[in-house]
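Got a structure here, written out as C-alpha cells. Questions coming.
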Amino acid sequence: MAILDKLKDGVQRELEGLEFVIGWEQGYDPLHASPLFIRTPGDIDRLIWNPLCVHNLASYLPSLKGRRVGILLKGCDSRSVIQLLQEGLIKREEIVIFGIPCRGVVDLSKIKSRIDTSQMRAVSLMDDAVVIEIPQGREEIPLDDVLATKCLSCQYPTPLIYDHLAGEVLPPQRPTEVLYKEVEVIEELDVQDRLAHWERELDRCIRCYACRNACPLCVCQDYCAAESRNPRWLSQRAGVSEKVMWHIMHALHLAGRCTDCGECERACPMDIPIQRIRRKINKEIKELFGYEAGVNPEDTPPLYTFKVEEPTIQEREW
Amino acid sequence: MVSREARFLATDNIPALLRRLGNTYRVFAPVKVSDTIVLFQEFAESAGLALDEQTTLPPKELLFPQTEGLVSYRYRKDAEDLEKSEVQVEETLEAPPTIIFGVRPCDARGLTVFDAVFTDGQWRDPYYKARREATTIVTVLCTQPESTCFCTSVGGSPTGIEGSDIILTIVTGGYVAEPVTEKGETLLQDEAFTPAGDKAGEAGEAREKVSVERELELDGIAEQLLDIFGTDFWEQVTAKCISCAACTYVCPTCFCFTITDDTTGIEGSRIRTWDSCMFYLYTLEASGHNPRPTKTERYRNRIGHKFSYHPTSYEGMFGCSGCGRCIKVCPASLDIRQVLREAKAHG
Amino acid sequence: MRIGVFVCHCGTNIDGTVDSHQVAEEAKKFPHVVYATDYLYTCSEPGQQEIQQAVGEHDLDGVVVAACSPRMHENTFRRTIERAGLNRYMFEMANIREHCSWIGEDREANTHKAIELVRMAVAKVANHVHLHPSYFEVNKRVLVIGAGVAGMQAALDCADGGLDVVLVEKKSSIGGRMAQLDKTFPTVDCSICILGPKMVDVGQHEKIKLCTYSEIEDISGYVGNYTVNIRRKATYVDWGKCTGCGLCMEKCPSKKAYDYHNEGIADTTAINISFPQAIPKKATIDPEYCRQFTKGKCGVCAKVCPLGAIDYEMEDEIVAEEVGAIIVATGYGLLNMEELGEYGAGRYPDVITGIQYERFLNASGPTQGHVVRPSDGEEPKRVVFISCAGSRDASLDRPYCSNFCCMYIAKQAILTRDHIPDSEVYVFYMDTRSPSKGYEEFIRRAQEEYGVQYVRGRVSRIYPKGKRMVVRGADTLLGTQVEVETDLVVLATAATCAPEAEELAEKLRISYDEYGFYMESHPKLRPVETNTSGVFLAGACQGPKDIPAAVGQGSAAASKVLSLFSKDQLESDPQIAQVMELRCVGCLKCADTCPFQAIEEKELPDGRVVGHVIETVCQGCGLCTSICPSGAIQLQQCTDNQLIAEVEALCQAWRERSSG
Amino acid sequence: MPGMEGTELRIIGFLCNWCSYGGADTAGVSRFKQPTDLRIIRVPCSGRVDPLLVVKAFMEGADGVLVSGCHPRDCHYSEGNFYARRRLEVLKRFLPFMGIEPGRFEYTWVSASEGARWQKVVTDFTDQVHALGPRRNFGEGNGGGDIR
C-alpha cells in the first residue's frame, strides 16, 4: 500500500476519537501544498503526501494543548514534537502521531530562484526530479537541486516518535557533513564582511514575525519579548540594528532547542537566510555539549542544565 | 483625466531618463535584490531594473513608511530652576519630490484606498498627503496574470489606471507612455519620450489582449460577512493561519499603524509604524483584556474589514486590490480567494 | 519622577581625582533630576541630613548617591531616605570611588566616567518601583560547625542566651586545636585546664546537642529556615552504651594505629578514645587499622566490652536538622611539612612541627611531657625553631602571615628551657610579631630571661651530621652565614585553611579567598558576617588567629545570631523575582532552573498555568529573569528594563560624546 | 568632554554583586590603577546576565562587553554561574558569526578577594578592545565586501 493510502487508512480509523487530524492538501497552485485540518471522514480525500508537503505541522501543537488531535509528521517534524514534549509544552497522550518516512521536501525558493513560476501550469513529481510546465516550456529539475538544505543531510528520515508509521523505517541516506556548508561559507568570511552580509540580509526584514509564528518552539508567541514594552528589548525605531537584535533574540531563545526544521526561513516573505543563524548555534551546541535538540524526550536542553566541570569549555585565562 | 496623448519610451532610453529625473526627484524602481526578491529601491544604473516581475513588497512603503518619525522632541531644562522644563518639538516630515517607476496597476489602485482614508475623507494625514502629492506614479500595465492575481474580482484591471500618474504599455522596443494626471503630463516632457506614432495603436491592441479571469463574484459579500460573523466558519477557515503579519505587511492596501514615543533620556521621537490586525497586541487593552484574543477573531476582522466594513464606509471600495501577495507569502498558503468563496457559500 | 542626586567628595578620596562639583552640575541636566548637589562627606550625619532635607524640600521620589561602593553604604542611605519618608528601595548608588576615583589618575577621564555612572544610576532609579518586605517565621535554632574553642564559645553563648544549638564536630571529641596544646601564651597557663571546664559545660549544656564524629552533608534553605543534613560517621561503637571505660583500648591487639591527637608522634590502638579529657568520652574504631576490618577477624573489643557496645556493622547515618542560623568555626589546618623540602621535613625524624613539639611538651602527651628526640628518644640539648615555615613565602603561593607562630615559638622556647634547663634554644625568624597585650613582653622574657637566641634570617638548608642536624642560614643582622648544630628542629609550619574548607563553603554558599579562608562581609565592619544571610564566621576559618581572638569571634558570632533571633519574624528582602501573570506563558523554564526551588506552578482562575515565586524562598539571583523567554518573570530592582535603561543611558552618553 | 575624544572606547561590564563587583571594589581599595574606559553595571549574579543584554549593548554601540562572576563552585546562589558559563560560551562563539569580532566579548570569573586579578582583567580586556579599535555597528556606514 502506498504511503498516502496508509495515511488515509490510519486517519480514517483514528479520526473518531480526535478533534481533527492535521495533514496537507493541495494549495492554490500545483506547486503549493497547504495544511489541512481533517475534521470529517469526507475531508480525508483531500489529504496529499508528496515532497511539496513542506510545512512542519508540529508548529500548531502548542496552541492546541488540552485538545485531542492527530498529526502527520515527517522525520524532521517529529523532532519538534520531541522537543515540545521535553519541555512539557505539549502532552503526549493528547496527540496521535501518523509518522511518515520521508525522502525529502522541496525548498520552493530554490525552485523560484531557478525559474519564474508565476505563470506555471502544472507540476509533476518524479522520484528524482520535479517537472514544471511554464509558458516557455517544460522544465525538469533534479530533485536534489531543490530539496531543502536540511534534507540533504537528513539523519532522521523516519520519525523518532509515532503511533502509526505509514511505510517502512527508512535508514538515513544522506551525508552529515553538508549540514553546515552554508554556515561555513559565512564563517570563512572576514568578520567585517560577515557584518556586512547580515546587515544586507537582515535589513530586508519587515518585522512581520512570520519566522516566529511559524516556529514550533517559539512558545511565547503573543507574549513575545520582541514586542513588549516591559521588558522593552526592541523599539519601533527603523534601523537594521533593531532587526538584528530581533533575529539574535529569536536565535538565542532557541539555543539548544532548535531542531533545524527551517520553518522560520521558509515562512520569511523576504527570503532572508535566517536558518543559518540557528544552524550556527546548533553547530556550537553540538560541539560544546554533544547535543542535538529533539532527539530524546528525556533530555534537558543544554542551556537549562550544567555540569560542575565543563570539559569542552576552554575558559579564557588572564 | 488630462488628455491621453501617447508618447514612446524606448527601453534603451530608460536608464538615461531615470538618471536625468534623479537630478530633481528621488527615483525608485524595482530591483532584484536576491534570486527571489524584487524591491523598489532608489535607482542606480548598476542595479538594473526588474520590470517584468511583481515586486515582493508594494510601493506603499515609499508613501507610508513602515517606520516614520512624526515629531522629535527634547526636554530643555532651565539651568537655574530645574523644576522648569520645556519641550521642544520638531516636526520631522520629509516629502521630497519622488518618482516611483514600474508600479503595477493593482498597487497603484491600492493607493486609492489610502487616498480615501488619509487624504480625501474627514481626516487628513499630513504626512501621507505630503508624500502622495510629491510623488509621481509611473505604472507599467500588466501583460500576463500570475496564478495569484485576482484584480478583476475586486474591481481592478491589469490595464487599470486608477492611482497612476502615467501608464506604460509594453510594445516592441519599449513602452507607450500615456499621462493620467497633470503630474504625469509634466514628466512626459522629458526628451526620452518621443512621439508614439503607430506604437499607440500597438499599445491599444496589447491592452485588449490582456485579461485576468474574474474568478470571484463578490456581490453581496459585505452583508454575507456580517451574516456569518458569529458562526464557526471562522475557526475552521483560520485553523491553518499562524497569525503572523506577513499578509498585512505585503498588502498594498493595509494601512493600520501604531504610534509610540521612543524616549531615551531627555529626548526622543514619536514614531509611527505599521501595525497588523493579525497581531495579538493590536487590540490588547491595558487591562489585559483582548477583544480579539485568537487568530480566528483577528483573521475575521481582516477579511471583514477589507470586504465589508471598508466598502461600507467608502462607497463600496474594497480594501483589497487583488495583487495576490498575501497568498504568495502566507507560510500556510492560506488563500484569501478561497476564504471569500467559502464565505459566500457558507450557511 | 523627581530625582535628587548627591555627589560625595569623600574628602579627597573622590574629589582628589574626580571633579565632584562638576559631576553634580552635569547631573542637573539628566532627565528626572530636579536637584543635584555635592557634599564633603555624604555619609556623615550632616550629609545624610542634607539628603533628608532635600527629599522634603524638593519633593523627591528617587535618590541617587554618587559615592563609594554600594556594598559599603547602600543600606546606610536606604535608611536615610526611609527616614525622609521615601520607600527605601527608591535609591541607587553610583560607585565613583572604588570603581573610579581610586583606580585612575586622569581627573578629566575620571570626572567624565563619574558623570556617566551617575547618568546610568539616574536612568535605573527612574525605573524603580516601591518595594515592600514581607515577613516570615524564624526557626530559632542555631547550627555551629566546628567545636574548637571558637565554636564552643559560640555554642555556649547561644545556648546561654536561650537558643537551641546543634554543635557539629568532625572529630570524635570536641576541643579542637586548643585541646592539643600544652600551655598558652603569654600567660603560660595550662591549655586543657582552662579548656576542659568549657568542654564540660558544652557537653552538659541542656540546650546544646552535640554531634561529634559528624560532617555536613548538605545545606538547603535560607536565613531563618535552613535544613542541614549531617552525616554521623560510623564509630562502630554504640555510644549509647559506651561508658568510656577504656577496657577495649587495653585489650586491642592493633596497637599501631595513627594517633591524630598526638600528630603521629606516637601510636594508638585501633579502637581508641582520642584523649583522656575527651568529650564525649567514647571509643571509636579506626577501620584502617582494626583487624576486624583489615583481616576480617579479631573481635577482641566486642568480647571484652562489658556493655556490648561494639557494632562492626554500623553504617554512616544522615540526620536532618532544621536551624535558623549557622555559625562556621571550622578552624585551620597546618601545612603538610613535606612541602618544605629544604628543611628536610619528612625525611629527617628530628625535624618536627610545632604542634608535634607541643605534644612532646604536654604532660598528658605520649612522653608525659618529657622532650625527646624522635630518632633515638634522647633528650635534646639544643633545639632550633624556624618561624615562617611556609608562611610569608610567595614561592609557595602563601604570602600571608600565620599570625600565632611567633608567639608559640617563644612559648615553646621558654618551656624547653624550663623542661631542660641545660638546653640551648635558637629561633630563626624573619620578624617577630607580637602586637597584643603582654605579647611583646613575653618575647622579651624568652630572649632576656630565658636566654633564647633569636637569629634574624632565613634557613637555607638542614642536613644531618652524625646523630645531630646542622641548620645553615643567614644572620641578616650580622650579615654572616650561620651554622647551628642541633638535636632537634621545630618548624612553625604555616596555618592553612581547614581541610575541605572549600567544599563546605560551597555547601554554605559563602565565599572564600584564594587560600581557602572564608570571606567576611566587610574586613573591618562586618568581621563575623558572611554575604549569605544567616551564616556567620568565628575563629581561624576566616584567617589564622590566636585563642583570644577566636574566642572573641565566637562570642561575636553568637551575639549576631542572638540579635538576629531577637525578632520573631524576619523581614524578607523584596528584591526578588516577580511573575507578571499576564505575560507568563507557563513554560516553567524558570521553575526548572531555579537553584532554590522557589518557583511553583500556579493555576489561575481561567485555567492558565503560570509560574509563582515563593517570596521567602527566592534569594534574588535573577537566573529566572534571564531564562524567561517572554520576560514575564522580573527580578525586582534589577529588571530587564532597568538594566536596559542603564545600557541605553550609557550608550546615549557615548553617542553624544562622539557627536561632540 | 573633548579631551576624551578618541582615547576612550566604549566598554560595558556586567559584574555579579558578590564576587566580581567586590573584586573591583577590592582593586579600588588597593588603588590598583586601571584604564578608565569600563563602565560597570551591577547585577546580583552572572546568571542574571541574559546574553541579550550583551547583544543589546553591542546594538547600542558598545565596543566591548565584559561579564564577570564568581568562580565556578563559588556562586553565592550555588548554580547561577554554571548556567552563565554555558550561555556565555555559546554567545562568545556565536557573536563573531554575526560580525562582531572575537575579543569584543569576554566572560570571566573574579572573586571578591582578587583585586589584582580584576586589575589585570580590566587592563587586558581594555587593551584587547583598543587593539580592535572602535566598532562599526550595524547600519553605520558601509562595510564593503559580502558573499558572492
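Labels for the chains are A, B, C and D, by order of writing; each one numbers its residues from 1.
Note that contacts are C-beta pairs under 8 Å (C-beta built on N, C-alpha and C of every residue); 3 or more make two chains touch, one makes a residue touch a chain.
From a predicted model like this one, the values you see are computed outputs, not experimental measurements.
Chemist: Which contact partners do chain B and chain C have in common?
Modeler: Shared contacts of chain B and chain C: A.
Chemist: Sort out for me whether A-B or C-D is joined by the greater number of C-beta contact pairs.
Modeler: C-D
Chemist: Rounded to the nearest whole Å, what is the centre-to-centre distance of chain B and chain D, using the mean of the C-alpha atoms as each centre?
Modeler: 45
Chemist: How many Å are there between the centre of chain A and the centre of chain B, using C-alpha atoms for each centre?
Modeler: Roughly 31 Å, centre to centre.
Chemist: Centroid from C-alpha atoms only, then distance chain A to chain D, rounded to Å. What do you get?
Modeler: 35
Chemist: Residues of chain D that contact two or more other chains, please.
Modeler: Counting only residues that touch two or more other chains, chain D contributes 51, 56, 73, 79, 83, 87.
Chemist: In chain A, which residues are in touch with two or more of the other chains?
Modeler: Each of 221, 223, 233, 304 in chain A touches at least two other chains.
Chemist: Which label fits the chain touch graph of this model best, line, ring, star, complete or other?
Modeler: other
Chemist: Which chains touch, pair by pair?
Modeler: A-B, A-C, A-D, B-C, C-D
Chemist: Note which residues of chain A are touching chain D in the complex, please.
Modeler: Touch list, chain A to chain D: 183, 185-187, 189-200, 202-203, 233, 239-242, 244-245, 248-249, 251-252, 255-256, 277, 280-281, 284-285, 288-289, 302-304, 306-308, 310, 313, 315-316, 318.
Chemist: Spell out the residues on chain C that touch chain A in their complex, using ranges where they run on.
Modeler: 580, 583-585, 587-589, 592-593, 627, 629-632, 634, 639-641, 644
Chemist: Which residues of chain C touch chain B in their complex?
Modeler: 28-31, 33-36, 119, 123, 582, 648-649, 652
Chemist: Residue numbers of chain D touching chain C in their complex, please.
Modeler: 1-5, 7-8, 10, 12, 14, 17-19, 21-22, 24-25, 27-29, 31-36, 39-45, 47-51, 53, 56-57, 60-62, 70, 73-80, 83, 87, 111-114, 119
Chemist: Quick check on the complex: what are the chain A residues that touch chain B?
Modeler: Chain A reaches chain B through residues 20, 27-29, 32-37, 39, 55, 59-60, 109, 112-113, 116, 118-120, 135, 204, 206-210, 212-214, 221-223, 227, 235-238, 263, 266-267, 269-271.
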